[in-house]
Structures are given as structure tokens and as C-alpha cells.
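Letters A, B, C and D mark the chains as written, and numbering starts fresh at 1 in each.
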Amino acid sequence: MGLDAAPYEMMAIAIARDLQNGKRVIVGADTQIPHAAVMLAQNLHAPDLKVIYGANCFWGNTRGRNPDLYVSSGAYQMIRSAESRFDHPEIFHRLWAIDHFFAGGIEVDKFGNVNILGIPDGAGGWKFRAAGPVGLPDIAVNVREPYIFSKRHDRRVLVDRVALNSCPGFLDGPGGRERLGLWGKGPRWIITPKCIFDFHPESKRARLHRLLPGVTVQEVIEATGFEIELPERVEVLPGPAEEELQLLRSIDKDGNLRVRPK
Amino acid sequence: MERANVTRSVEDAAALIKDGMTVATGGLLFANHPMPIIRQMIRNGVRNLTLVGPASSGLDVDLLIGAGCVTTLISPYVSGESLIGYGPCYRQAVERGEMKVWEVTEGLEYMGLRAAALGLPFLPYRGGVGSDIPKLNPEIKEFRDPIKGELLCAVPAIKPDVALIHVQRSDCYGNGQHLGSTYGDRLMAHAADCVILTCDKLVSNEVIRRTPLLTTIAYATVVVETAFGSHPYASHGLYGEDTEVLREYVEAAESRRTGNPDKFARFLDKYIHGPADHFAYLDLVGAARLVRLAASYDDLVQGG
Amino acid sequence: MERANVTRSVEDAAALIKDGMTVATGGLLFANHPMPIIRQMIRNGVRNLTLVGPASSGLDVDLLIGAGCVTTLISPYVSGESLIGYGPCYRQAVERGEMKVWEVTEGLEYMGLRAAALGLPFLPYRGGVGSDIPKLNPEIKEFRDPIKGELLCAVPAIKPDVALIHVQRSDCYGNGQHLGSTYGDRLMAHAADCVILTCDKLVSNEVIRRTPLLTTIAYATVVVETAFGSHPYASHGLYGEDTEVLREYVEAAESRRTGNPDKFARFLDKYIHGPADHFAYLDLVGAARLVRLAASYDDLVQGG
Amino acid sequence: MGLDAAPYEMMAIAIARDLQNGKRVIVGADTQIPHAAVMLAQNLHAPDLKVIYGANCFWGNTRGRNPDLYVSSGAYQMIRSAESRFDHPEIFHRLWAIDHFFAGGIEVDKFGNVNILGIPDGAGGWKFRAAGPVGLPDIAVNVREPYIFSKRHDRRVLVDRVALNSCPGFLDGPGGRERLGLWGKGPRWIITPKCIFDFHPESKRARLHRLLPGVTVQEVIEATGFEIELPERVEVLPGPAEEELQLLRSIDKDGNLRVRPK
């Protein structure tokens, strides 16, 4: 192929490839990578991907419309591709019919739990306070298979156990979700600028699924704060097809996804 | 006897908001915020509010916190999104223990507002189960439902005294219309005892009667005509957000958070305490910039 | 690869409805009923439905009962309103014990549908407390709320397999728009697994994109183009109800109730079994009458 | 005055006079008399009476608009005076802010309870089945002060105890509503073609409040199936003012309210 995609571009392409036609997804706040991914998928193989712009309360479809990648997920310009407005509280209607959401946070652990609340100081206060849980605790226990994504891959983000759980994954492992009667299968992937984890069907622990082009297993192990489930053979994600990268860059006109991860 | 005109001045409307009230503010992130009322509340020195923020609160909520108006915040998120991932004044107030956060999820916030709208003591939702939210907020109780025995969270009614909502247009009887997203505004208005509506444009009752399907808020308590009333935020259907002023805010608030409050004080002086009224505020921003913000929207679809 | 066109024929859409399903039908009293699907269900001889009727069900629901499709009815009201105060077939089926009524109030029906939409096992409401409804329907349980201890009714989720909704216009991707009242249609659609939309007019996707604020049902499972698809009922925004045919129905159904089923059988033959398809039905009604029904609406406000 | 109003006209006028400016009311299904009353009030002394057309999901105002009295409460023509559309489920939002509703049924008892379900046969079935409770059980326990109205006044309608309670009034008397924690004050009036009952503040029993013009106390007693609380002096409702009757008849163009009660 000979084409080089930046890591964030590759993340968007990997998610786009995984999104099947006809699925229903919600794109939330501060999520340029997933937003690019759904637009890419709609314009390639998934014209019937049904997308809620969560921060804007529109059902939108960008198919064949030369979309822009808006810097803000609340960008008013999204009405350009909107087909329906709704009251935001209605986003919680039919979450059981939503296939995917994209969750990020300050910590992600081996069972796919996410912390977006902050780090407590151990004395009833806060060492660091993040923006807050938004709707992630709601979505995580209702939607079929959320994706977890992180724009950074290091031992501060990928931890053994989240300090606070504000987006339940597989909780404390096998049977955790079932014990509480949560809906949905639990997280599908953790995707980072280095790799994709899926979850071992029995242990429910993060398992190295695909490396992003140019990344080694050793590099992932060193940058990850939890013990990784390693399959016998780890495949590398195929690089971008020309059409994929061309279309992605026609969406990401300002090169937001070409910046280097921190 | 004629129908009562409910239009009021910014000053008269904001005077309805008293210390210690529970106040809900509408819009979401970068759009549709009732800014003239928020600025007037700060000018009035309102204190000890329980603030019910949008499900994704933006820097409008952060500003009210920074100005010292808020004692308790009910909001699952305060962020500057693409400009800064958290509200600087919010982060500071929480980390210093100066403000109580009534921890909640988006879904539970809406269920709490819906409980108030429906006149119920509580509503249940699955959101929160399996997370640490019920541990952080003891008023949200996990319970087994009386029919199937499933584990759910019970959230008490969240009942604002006043809801502050921004719409693009309204008549003088309080019939308001959103020309873009409605966000959580309608549920906030339904839950509150009193609704203060800011509108970019006051239109005749005939305009409303020709388009009753677009009316999103019926019979607000008072209406305030405020052209560019959501500035520096976008007003869906009419104008985009003013990124320059928002960056100015983020810089000031972040500098305050990291120990230097001067810039923030200057920001308040410049945009809030300085201008004599909303028209003086618009002059400060300047006609050319407002025209450009409006132009950024003019090729987009409209309401009806 | 192109977006999938979800338009289907009346016959193909109605074939999705199987014996024993839970089916919700939209509209209210005299307006916005998906009649071509209802007539096709009767032609198909669908049996043993649990029918979730509009909160104020009209004679469309009564017709389905009279045609023998319904085993259990979830509806707080079946009436011909200004023509006859109760549904004749409904009254007959209840008094003879031939159909089970799952007794419910409007408020509880909506809370049951909302529970299904939200994926909850139940929702609470105060409606029903102090009345005999919980005694008549043991599935509605009185309980004390877990926060304040107030007495409320718990209604289990009401989950339709299919919702049948009539809108005035839709695109071929299932984006439907009501040009008048929405009634309970949106909540029914949100609660159901599958949404069958009838529309008076199929419009291009561009029309929908110019007016996204008017879209009330997003991405229905299938769409059926049926001009005058709510006849003999009104379609809000396009045409009024056909009182003459409705009187004919009431006379036939009331005569069946009082022991003479012939007229009712003739009514079914004439309007349902006779016409080969929806176009033949429209010919039977006649162009002149349809034009007059449309004219009765033409001086009124429109959607946007 | 010398003007004669038919009994249904007089009922509409009596309700209109009682509706104060600024109040919020819902008009429901099959209720021509209350519908005429709210339009009359809006056009006379209560231009800010806020009215929901319950069967049509509109907030409407007919002030100065030469309104029609529609035969059906679901008449599509109501959009002519509509100022706002809403989803019908939202009618249950803010019922605590609604002052009045108008409830009717097949039976009304001395404590203002209403039966609109039907008459059971005592063996688990039905002697007579009416249309069903609609939203009355909801409204009766949330709205401030519903009016009860009946187009007939006889011993079959006005009974000592309803066979089924599908619209709770004062239940079994003093303290009944409070015991169950119901919202709202309970019913304001029972209004019939013969008279208006209010409720004794202590006993919560229907008390003869006003006679319609031309009706005697004896006539009411004979036509009523429960023992009436009688005040020392029963006043007769003043007949229609010229403006009231003229305006009412300009609303009720087809004379629907001029028919004789059965």
C-alpha cells in the first residue's frame, strides 16, 4: 500500500472498518476520532449506519455530502447533515437498540471499566477532578457494545484498577455484569494509538487484538499498566487503503487527526 | 381586558432569582445559553444557588461557579470540550472543596427532572448501577423494583425554582421556539416553577400561530428580548459561537485555577461589570463580529 | 453501495404482523390512523393480538376488535366520541367476556410505554392510586417509593413488537414528519421493536433535510406510501375525517352489538374484503369526496 | 335581564364565570360544555386563561378569534387557535400546575367520586361497560381542583356510592385524599343541568351551592340519589348577561348547547 496514516487517523480507520452497515451508534462529546470514523464508514461501506450526534440532538447522515470533521462535537454546523431533531432526554429512549457508543476517560482498566470522574485524595476530597461522568454510566449499562478509546496509551491511563468506576465494563471480571443485571454485552474494544484490545471471552480481561502499523508487542506491554492477555499470534492492522485515507482527509480538512499523540 | 404581555427587562427578569434558589440553566456545551440573565445574576451578586446545569454543561456554568454564585452543582459534566476538557472554575471549586457536587449521570439528571415535571417523589433508572455514582451521592439509592426485582437507581425529583432558557424567537405571551436543538430545555422548563425565557427576537403572536409545531416552550413566565442573547455561545439557527471570547475566558479561568486570579477579575470587569446593559455589551463585542457570527449560519437549514 | 430504501407495499408491511404479537397503533380518536395496514391485517385474518391502542382509542381499534383480531386490549378508552360514546364492538366484546382488557389509565399506559423505551422493567406513577384500576388489573402494583415512602402505582413495561404509525410525509429512509398532532405516536415508536410507518406522501430526502426540526419519527423499519392513508379518519395537516363513512361504521357496529351482525359483515365486505388494494379502496370512496376532505383543511396553518 | 339560556348554555356560562384569568385548564374528550366555557371565558374576562386541548395536544387561545364550538374535542380544526403542539404523554408534565379539568362519567357520588368504567355484574364480568377511565384517574389525583359535570341529573347518575371509582374525589370522606397522599384539593363542583354542588369543607359531602334558573330545591332533591347537604339559603344562579349569551351563541353556531337535556 505504501500509505502512511497518522495514529489517530489509523484509529478512525480501524473503527470505521469495524462498523457494520445498518448499525446504530451515538457519537458523544469531545470525540473527533469516532466522529471521523462514523462519517468514513457512512461514506464507504455503511450508508445505513444510523448516527446520533449526541451533543447536538440530531440523527444525521453524511453519505455523499462532503462532510467536515467539526472540532467540537456540539458544533452547530451538524444540522447540515441532520435528518431529525430530538429532545436530549430522548437519547435514553431505545439505548437497547443502539449498537455502539464511544467512551473515553482518564483511566481504563483491564476489565474495560473507565474512570472519567477524577482521582480521589483518599480523604473525601479530590486530587484531580475531571469533567464528570456525562452519560457514560447510563450508556455502559444499556448499549450493546461500546467502544472504549483513548488518545493516549501509557501506564497512567491503562491501569490495573480504575480509582473510580464511572463507566462499568466487565466490573470485577466474569459474571460481574450478570450479577447486577446490566444490559448490553460490555465493551467491544479498547482502542489506542498503539493497539486494539478486545476481551477474552472467559476471563473478560483485555486481550491484545491488533497492533497499529509500526507498533511492537513489547512496546504495548511496556506502555500498559495492566497485565495483558496475549493471544498466540498478534496481527497487525492493515494500513489504510487509498480510498480510506483520501476520504478521511477530505473529512478532516484541518488535519486534526494528523497531530502526534502525546 | 387584553392578554397580558409578559416581556420584561433583563434587570426585572434577573431580579426574580434570589439567593439560595435552585436554578436550572438550559442549552448544552457551546449553544443556547441565556447569557444576559447569567451576566445580570453575577452583577446582582446572587449567592448560594443550587445550580442545575445542562446534561453537558459548558463554560456558562463554569462562569457562574467562578463568580461565586453556586454552592451546590447538579450536573454530570462541566467541560470546555474542544477548548479545554474540564471547566477550570468547576475543577478548582471541586478540588478545593468550595462547592458541593451532587453527583449524577445524564440519565439520572433527566429522570430527576422528569420526576419533578410529573409530580413524583422519584424515578428509577438503570444508569448508575455498577458505577461509583450511588456511593458518591447517597441521595441516589439502589433498590429492587417492585415488579421484576431488578436492581435500579432511584433518583429523587430535581425541582428548580426557576429555569433559564434561551430560544431564538418568542411572542410576548411566552410562546418560545427553538430553531435548532432543544437539548434538555423543555424538560427543565416542565420541571421548574417559573420559566425565564431569553429570545434573540420577539415576534408577533401571528408568527407563532402560523408555526405552532415549532413552539417548544409554551407560556413562559416572563420573556426577555435579547438580540444575540446567547453570545459568546451559538444560538442554533441564528449565529455561531464566538471562539475568540471563549478562548479569552478559558485563559482567564485557567490562570485563576493555577493561582493567578487577576485575569479572571479583568474578564468579569470587561464583559460583565463594565457594560451598563445588554446593548452596551453588544457594542463592546462590536457589530462587525456579530455580523460575522450570524453569517456563519446563513447557509444552513432553517426551522420550518 | 447505496442507502437502503425501506419503502414497502401495504401487503409486505402487513405481513410483518403475525398472530399473537403485541401491536401498538397510533393516532388518537378521529385522526392519524394507519388504516391501510389495519385493513390488510383484517384481510390477512391476523388473530390473538395484544393490541396497545391510543390513549384515547377510536373506532379504528373498535374495528380490529370487531374483526376478531384482538385477544387482549391495552387501552384506557375506546370511544366514538361525538358519534357514539363507546366503541360498540369493544363494549360487546367486554360485556360478553370475549376479550381481556388490561385495565390502565392514560398516564400509566404512557409510563408503561416509556419503561419499554427506556429499557426498564417498570415505571411508577401516582395515577391509579385511590381508584379501582389496581384492583381490576393485578399487574399494576401499589407500592411505597424507596425515597419518600409515598404511595404510587408501578406499571410494568408495555413493549410492542410492532408500532403502526401514520404520518403525513416521510422519505424513503423512514424519516417521518407529522404536520399536526403527534399524539402518543413517538413514545409508541420508541417502545416498539419495529416501526411500520404509513405516509400520505413520500417526499425526497432533501425535503426532510430542509426541515429536520419537523421530523418526528427517525428511521422507521419500513415505510408505506398510502395517499389518504388515514381515511376515513383525518390526517392532521392534509384532510379532515369522513363523517359519512364513520356514521356507517357506527350504525353497522351498533347493530352487531344489539344482535344483528349482517350490517357489520357487509361493512367489512364493502370497505375491507372488497377492494383489491388501497387504490381500489380510494376509488370506492371516490375522488370527489377525497377532494372535499382535503379542501376542509386548506385554509389552516401548515407545519413549518 | 329577560334573557333565557338553555340548561347546557347556562352550565357553560356558570363555568366560564368561575374560571379566573391566568388559570391553566385542560379540556378533554367529549366535553362541549366545558369547551364552550373556556372559550367564553377567554373572550370575556380571562384572556390569559391557558387552555390545553387535551384530545388534540395543542395549547390554544381563542381570544378575539371568532371561535367555533367543534362537535368533537379531537376536531382537527383546533389548530386554528393553537399556539403550541406537544406529544400527548407530556400532558402529564406539570399537572400540578393545572388548575382545572372537567370530568364526567356514568355515575357521580356524594363525595365527588366518578365512575366512567362501567357497572360490574357481580360475577367478575360486566353488566355495562363504558368507554374506560381515560386519564381521569391520573388527573383526579394531580390537578388542583377538577370540575365534575354531568349532562344528565337523575338518580342513576347522582348516586350514593359509585359502583367503581375511576376518578377519585374525596373517596370515603374527610381525610380520604390525605391518607393516600393524593395531590390536589379534590373536586370543586358537580355541575348539572339543574344545579351546582360544591363540597362541605368538613364533611366533604356534596352541598347544594346554586340552582340553575327555574329549578327548585325540591326538584333537585327528587332527582338526586344521595342525601344533599343543604345550606341555610340556596341562591339561584343569575341568568345570562346579554354579552355572555350573544358571545356563547356566536361560538355555538350550530346550537349544540341549546338541545334539551334528557
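In this section, a residue touches a chain if its C-beta (ideal position, glycine included) is under 8 Å from a C-beta of that chain, and two chains touch if they have at least 3 such contacts.
Note that the coordinates shown come from a computational prediction; the quantities given were computed from them, not determined experimentally.
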For this session: State the smallest step count from chain A to chain D, taking one step as a move to a touching chain.
Result: 2
Problem set entry | Cα-centroid distance, chain A relative to chain C, in whole angstrom | 40
Seminar exercise, completed: Here the gap between chain B and chain C, centre to centre from mean Cα coordinates and rounded to Å, is 38
Exercise. Can you give the whole-Å distance between the Cα centres of chain C and chain D?
Worked result: 28
Exercise. Which residue numbers or ranges of chain D touch two or more of the other chains?
Worked result: 58, 79, 82, 85, 92, 142, 183
Exercise. Of all residues in chain C, which are in touch with two or more distinct other chains?
Worked result: 114, 118-119, 125-126, 150, 180, 209, 212-213, 301
Exercise. Using the touch rule from the top of the page, what pairs of chains touch, sorted by label?
Worked result: A-B, A-C, B-C, B-D, C-D
Exercise. Mind pulling up the chain A residues that touch chain C in the complex?
Worked result: 21-22, 45, 47-48, 50, 58-59, 61, 63, 79, 81-86, 90, 92-96, 142, 183
Exercise. Which chain C residues qualify as touching chain A in the complex?
Worked result: 1-4, 114, 117-119, 171, 173, 175, 190, 205, 208-209, 212-213, 215-216, 218-219
Exercise. Hey, which residues of chain C end up touching chain D in the complex?
Worked result: 28-31, 55-56, 75-79, 81-82, 85-87, 90-91, 94-95, 97, 101, 103, 105-108, 110, 113-114, 125-133, 136, 150-151, 180-184, 186-187, 234, 236, 240-241, 297, 300-301
Exercise. Residues of chain D touching chain C in their complex?
Worked result: 29-30, 55-58, 71-77, 79-80, 82, 85, 87-89, 91-92, 117-118, 125-142, 164-168, 171, 176-177, 180-183
For this session: Give every residue of chain B touching chain C within the complex, in rising order.
Result: 118-126, 139, 141, 143, 145-148, 150, 152, 154, 156, 178-180, 209-214, 301, 303-304
